[in-house]
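So, here come the structures, one by one.
Two complexes are shown next, each including chain A; its partner changes from chain B in the first to chain C in the second.
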Partner chain A sequence: MDRRVAIVGIGQTRYETGKTESLDEIAFEAASKALADAGITRDEVDNVVIAASDQLDGRPISSMTLACPAGGYLKDEVKASDDGTLAVVLACLRLLSGVFHTSLVVSWCKCSEVPTAKVTNLSFDPFFHRDLGLNHINALSFQVNSYLSRYPISEWVPAKIVVKNRANAMGNPYAHLVEEVSLEEVVQSPIVCPPLRQLHLPLECDGACALVLTTRERVRLTTQKPVWISGLGWAMDSYYLGERDLHQLSSVAKAARQAYQRAGIKKPIDEIDVAEINELSAYHEIMAYEALDFCTPGEGYKLVEEGSTELTGKIPVNPSGGALAASPLFAAGLVRIAEAALQVRGDAGERQVTGVRTALAASCYGICAQGSSVFILSQES
Partner chain B sequence: MMKEKRELVSVPGKWDISFNYAAGKTVSHFLAQIRDNGRILGMKCAKCHRVMVPPRSFCERCFVPAEDWVELGDEGVVEAFTIVHDVFEGSPPPPYAIAYVKLDGADTALANFVDGLDLSDISEATQRLKIGARVKVEFASRREGRITDFKYRIIG
Partner chain C sequence: MARNVAIVGIGQTNYTTLRNDVTYPELVFEAVTKALSDASMSIDEIEAVVFSLAPTSLVGVDAMERWCIDAVGAKGKPFMRVNTGGATGGSAAQAGYFHIASAFFDTVLVVGAEKQGDTPDTQLILNQIWDPRFERAVALNAINMSSFQAVRHMHKYGTTEQQMAMVSVRDHKNALNNPHAHIRQAVSLEDVLASRVVCWPLKLLDCCPRSSGACAVIMASEGRTRKLMQRPAWIKGIGATTNTYYMGDKMETEMFNDHGDWDELALAAEHAYRMAGISNPAKQIDVAEIYGPFSCLEIAAVEALGFCPKGQGGKFEEQGFFNMTGELPVNPSGGALCSNPIAVTGLVRVAEAALQVTGRAEGRQVNGAKTAVATAIGGSLQFHTAMVISANL
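Presenting the complex of A and B:
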């Protein structure tokens, strides 16, 4: 058996706030677009892997109502109650097992239907943390303050990230937030938890994303240019923030090392042409540069100042606009893989980076990036 | 077919479910010691010798059971902090400050609210509440065996 998996279909809804379609309608939309993009029908799919949050969906075991809208009718279906990228990990493993041949991966989230921070507060344990009112946003500044205490960078550096990602999103027809912002607007935006301001944070919204994955043997049955998953890694840090090295993204670094090793990447900044990163904040994008070994720890600001991660830079990051322009929370990581795959195919339209052969997609999930997964996508198998 | 204006409906929902979370022997003892004696205990791993707080009945790194209680000091050092200025449903009304503090004798940091800071002035607050600042544990006079039975206060 040839141990390679390719992305052969990509489907995305528009990412916007207050979508009036129901959850099953957006799952269906993304899944059918992915099948159409692959040039296959649901009949060619032998398993469906979905990823979503029951609490954010407001439906315990949401796959009960959503498996079939996602393409699972009378098929093998499994769900990861976790980040969308983990559905891709799971699908890859299933395909590599030889038991399955073509997977439909679907993830969704409608942030506008629920106070997301109230939900993530409930993710904390009831004994030590929940009573403190912690959530996925106010906990981020533990990390940012820890980073700044070690590497005191100027507030203009993360502001540049926001300006970059917002400007990039102008070329992304799926990103609902198509307003550019200035550096001044970023540093003057309302304070959330210092130093984090409103514009430093992801714009939570609604949307669904789907991919069709298949094996080398089945690629010829699709009409799409295959994008090969040449490396992947995933890792989990401790839940207890008081036990973690908060000034760095340890899970990202661990996942990246695995992905680079599998893909044979030695010098990421020279070998990767474009990256899509699920940035938990503008500061986290800088921390991710370091964890992904684009630069040494503490030097992320230099890449920003040199413009290396801008659309025309050495290693453009988030040409789609990233999570700062549109984040359907649990699906936001899968969107990064979809966007990186479009870059490799040369199908990214206005946001296309020239000459992409190898792309990286990274997701951070859980409180303060407890978990991370990293994918290397390439044209060649 | 005649064109008609279609109405879009959304239906409200609310989860109202009660839970009873068993704390286990270790966490129960920790919370009871806070309530009854105003003492904060850590749990030492016999293998890596880390003193963990919150305490657990095992060390997740060495993956062995842990059972050596260690009494921690009532002072410590700020390892990380957040000062919250925005309103979040399910969280206290802002502003409030939360710090992870490595109590004297512990190897991990424990989170709790920080009291006695003027949080309306951000630069003033971050001058005092910073990584490395020393804090003291202040217990409430009426305690109920919850983490909120104490707060931190910056000293020096």
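Presenting the complex of A and C:
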């Protein structure tokens, strides 16, 4: 990528359930914090890209009320759908075109006001699958069972992921769940949909996240240390679960390949210092290691057993605690980018991994990760 | 500056109320197939896809763009959906433009479909777009919201019901030449004025139909375009503006707060014109495709686009300025008044503008048209997009 885009502002609300603020106020808080972090005002932003889901926001065209609190008033503003990370993708394309110079990106979700499983059931086609009662949670169990039928890993492996992420979250002031759990607690937690247990799954919550992006020419106008987006990729897989190779995260692999190519990354495990992954379940974090080429397919469990993805390991994954510690569903992927950027900046506080120069952020969205976006962030432009 | 981007393929289905013969992805597939054929391309040559889809409540499937991945050939490809309400088609076209202008891709497919015939009552759903706390209970919908705009324009500038009716007569006459149009029936001034009042001053024939149908536009970089065709349509300028949402915020007389004026579209157009090097739109633009689902909205739009002075839209309409034989023909396709497949209405404007500047608009062709502007509008008349398209680079 010749012309580079930098993240120069990061804003997050606290992630929690039952926020009493309205969606408008939550979006406003994140947007304001990102601008303040960048040391600029809204006057210096020439375009706003938001991402949200009408159904999860509880009204069609939710950007009608939310575009302005997110900073869009009298700006060139546009709303992407599918996932918060796609707002970053679209903002990058807008900036790289040279038409715009500074973007404010905002996404949010208020799961406490939405029956999310009912919403995702409505995303199944009305003819064949909807009446089966499928939703974004129980469909994951198909995927995990498909993986396990090929790679029968012990249930202590995903349990270790949960223990790791929940322990990491203790250092994250924005995290929703700040309480450590033990391996025994994980393997004894109630079954939600076999083999998935309650503690294997993110607990959906409320919150918003915002970023300020700008071009190389404008970076000096902000007061923040820039974090460069050196690679990005995004991809979709087929819709019908029966047509997909469910045992692998194909969209993640496709998105990662694009991002690595753009960033010039050949051996991810050696070149990436830290990763933030939107793990749809504890098992999905392991599947993501494989899709992201941190290891070969079926070998993800080894990284866990070796402790390679723990805070002190070779490639720490989810030092923030990941989605298992805070999942504002639609915005959870954007949070991964924000956290990865904080790591590159060296501003991640207690959850900081030492010596981070290059970070990866990956998002999964749709049923069984039908879609994915992958970003490579680095200190150097 | 941005890389040059051209429109190299267009596919439209016919627009109609019901398409019970196909599923939503099948409807999308029709437009994709037509656009690929128009561009003489195969689906494998498409590098990325932008999906144009407004509220899915009109069909009843959440995130139904994901249902269409295979219909648009996007498996394993970069894909994103844009949703800005009625303005979605305009926003999606701009997102497609950025995919190529950024040098990320050489080809992109911008596609979507509307199937609102599947819902019993579009306006009931469009009431849900208002926020649950303040304005939803007022029973607002797209029709009465637009009638407020009409009343304000009448009060402020003396625009008449006759002038609005003339917009409808012109669009209906033009639609007779468009094989894709939903309503293909000539109406007289008397017909419009005598039609049933839906929400005063808007009468039935001042209002759009609820249409189903699909539209696809293929865009390409300059290098790829040169290999594909002789007469591409170049995207010369883009612009968009978002304004406040609350109806109550538009009851003032200051700029951007007066419901009668479309200052937001003027701002979006100014950006697009500046990129395209247009300083005198009334002279430099040959044809316009305006997203005006109600007759009164076209009057506000032609003023905001700088085709006539503010407040004079009705008078210019009366003088035939915007007729096919007038100075600046507006909506040779019949516009949104004759086909309104909400999710793609803005994209249809772009497609029709591209057909005009490349001389491919057949019976609805404006002679010698070289430069066109296409607009879209969404939300509470708050999201506006403008795109300048030209035969010349």
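By definition in this document, the second predicted complex is superposed on the first by the 379 of 381 C-alpha atoms of A that agree within 3 Å, B and C clash if a C-alpha of one lies under 4 Å from a C-alpha of the other, contacts with A are read in each partner's own complex, and residues count from 1 in each chain.
The rule is simple: a residue touches a chain if its C-beta (ideal position, glycine included) is under 8 Å from a C-beta of that chain, and two chains touch if they have at least 3 such contacts.
Here the structure is a predicted model, which means the values were calculated and not measured.
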**Request:** Check whether A:75 is in contact with chain B, with chain C, with both or with neither, and answer first, second, both or neither.
**Result:** second
**Message:** Looking at A:96, would you say it contacts chain B, chain C, both, or neither? Reply first, second, both or neither.
**Reply:** second
**Asked** Of the two partner chains, chain B (first) and chain C (second), which one does A:149 touch, if any: first, second, both, or neither?
**Response** first
**Message:** Per the contact definition in the header, classify A:126: touching chain B only (first), chain C only (second), both, or neither.
**Reply:** both
**Prompt:** More residues of chain A in touch with chain C or with chain B?
**Reply:** C
**Request:** For A:176, decide between first (touching chain B), second (touching chain C), both and neither.
**Result:** neither
**Request:** Please indicate which partner A:238 is in contact with in the superposed arrangement: first for chain B, second for chain C, both, or neither.
**Result:** both
**Message:** For A:192 in the superposed arrangement: first (chain B), second (chain C), both or neither?
**Reply:** first
**Which superposed partner A:110 touches (first chain B, second chain C, both, neither)** = neither
**Request:** Pick one for A:370: touches chain B only (first), chain C only (second), both, or neither.
**Result:** second
**chain A positions touched by chain B in one structure and by chain C in the second** = 58, 122, 126-127, 238, 243
**Fill in**
In the complex, chain C touches chain A at residues 1-3, 23, 53-57, 60-70, 74-85, 91, 94-95, 97-99, 101-104, 125-126, 128-133, 238-245, 256, 264, 267-268, 271, 275, 378-380, 382-383
**Prompt:** Which of the residues in chain A come into contact with chain B in the complex?
**Reply:** 20, 58, 115, 117-118, 121-122, 126-129, 131-135, 137-143, 145-146, 149, 190-194, 198, 238, 240-243, 246
**Asked** Of all residues in chain A, which touch chain C in the complex?
**Response** 2, 22, 48, 53-55, 58-61, 63-65, 67-68, 72-82, 86, 89-90, 92-99, 119-120, 122-123, 125-127, 233-239, 243, 250-251, 254, 258, 366-367, 370-371
**Of chain B, residues touching chain A in the complex** = 8, 10, 13, 15, 19, 21, 23, 27, 31, 52-54, 60, 79-86, 88-92, 96, 98, 100, 102, 108-113, 122, 126, 130-132, 146-148
